[in-house]
């Protein structure tokens, strides 16, 4: 399966914070970067996203901004 | 300065690919993850984003999906 | 493979319009709805997206607005 | 009224799931495709979005990714 | 017509910068704020967006971040 | 610090509406335009966003659509 989204970053789930209709999921990459995503609670539940497992963050290039100090 | 976007990931610029009104910028994190962003060409030029320098990808949590194998 | 994005709509590629760094891809669903996506030219090329083939539009729920007449 | 967003897909509201500040709204198109959107609860309430009525999903082309099996 | 997107800000078109598949459009609000949008070239052309006319920027609440000095 | 996002609009916080995992924040610009953003509750709390203070809405150009009457 190919997905056009250019950013696929794998990490370990370090936190799952369910809300009412959205859930916040955090992963930590092997390099130590944290990525937080807000997905629908229904997806978080149906995918049974659980702390400690490996999942991949999928981010469209058009959603990425850059900061320069 | 505080920015509400939850994902701030720093890396080295490994590629700058200017288009007509958009430019593709790629960074590599210390952990080896690549992040590609599509920003306006005007921002890429005014920020003088150049290969080899350190910049930070800024990604809103609501833009992040997750994939589970 | 599970993807948290809630909207997965399959259709036939009816148009591929490559730009400089982005490419516009249009699909038509069996029900006759057209969906246009703007993806990076690099993804369009690496995925060899071609007119006439079946692909699936992936859209995050947080990207969807609603209009009521 | 013209709106630049390229994807306008009409369907029947099949589910409204209000959260605290966001609400999940699902429509089904005549062709049988389901589209789920996450909008603010305030918009869902002010627009009185109700099951059974016809509304149109509005999606920017830059929010659409593609998957190829 | 009601649109769930919470931010509708009207201004005068001050610049139209067409690219290959995307076009950059800038408006200035009566209060002097500038808003730049990147829309598909096809929409910019079909809507005949022209300098000097009044149009309205439509922005989903989930696309807005905040900065605090 | 430079940020590639093209739209930076400053205003006074007129409302903060915390949800479970997201919070709705509204500002009013000097010109009288209202901008509503949906950010994670964690950011709203860590940034101590409070009614009456000045903050800046940051919006990517690719998130902006246009409406023409």
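The chains carry the letters A, B, C, D, E and F, assigned in the order they are written, with residues numbered from 1 in each.
Quick note on the criterion: a contact is a pair of C-beta atoms (placed from the backbone, for glycine too) under 8 Å apart; a residue touches a chain by one contact, two chains touch by 3 or more.
Protein identities per chain, from UniProt: A, B, C, D, E, F = TOBE domain protein.
Worth saying up front: this structure is predicted, and the values here are computed from it rather than measured.
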Joint neighbours of chain F and chain B, given as chain labels:
A, E
Chains adjacent to chain C and to chain D under the stated definition are A, E
Between chain C and chain A, is it the same set of residue numbers doing the touching on each side, over half shared, or a different set?
same
Compute the rotation angle for the C-alpha superposition of chain D onto chain E, expressed as a multiple of 5 degrees.
180
From the centre of chain F, which chain's CA centre is farthest?
C
Could you tell me which of C-D, D-E or C-E has an interface matching B-F, in the sense that over half of the contact pairs are shared by residue number?
D-E
Euclidean distance of C-alpha centroids - chain A vs chain B, Å
16
So what's the Cα centroid distance for chain A and chain D, whole Å?
23
Rounded to the nearest Å, the gap between Cα centres of chain B and chain D is 29
Two or more other chains touching the same residue: where does that happen in chain A?
1-6, 19-20, 22, 24, 36-40, 42-43, 47, 58, 60-63, 65-69
Considering every pair of chains, which are in touch?
A-B, A-C, A-D, A-F, B-C, B-E, B-F, C-D, C-E, D-E, D-F, E-F
Where on chain D does chain E make contact in their complex?
1-6, 37-40, 42-44, 46-47, 58, 61-62
Spell out the residues on chain D that touch chain C in their complex, using ranges where they run on.
3, 5-9, 24-25, 27, 29-39, 43, 47, 49, 53-69
Of all residues in chain D, which touch chain A in the complex?
17-20, 22-24, 36, 38, 62-63, 65-69
Please output the residues of chain C touching chain B within their complex, sorted ascending.
1-5, 19-22, 40, 42, 58, 60, 62
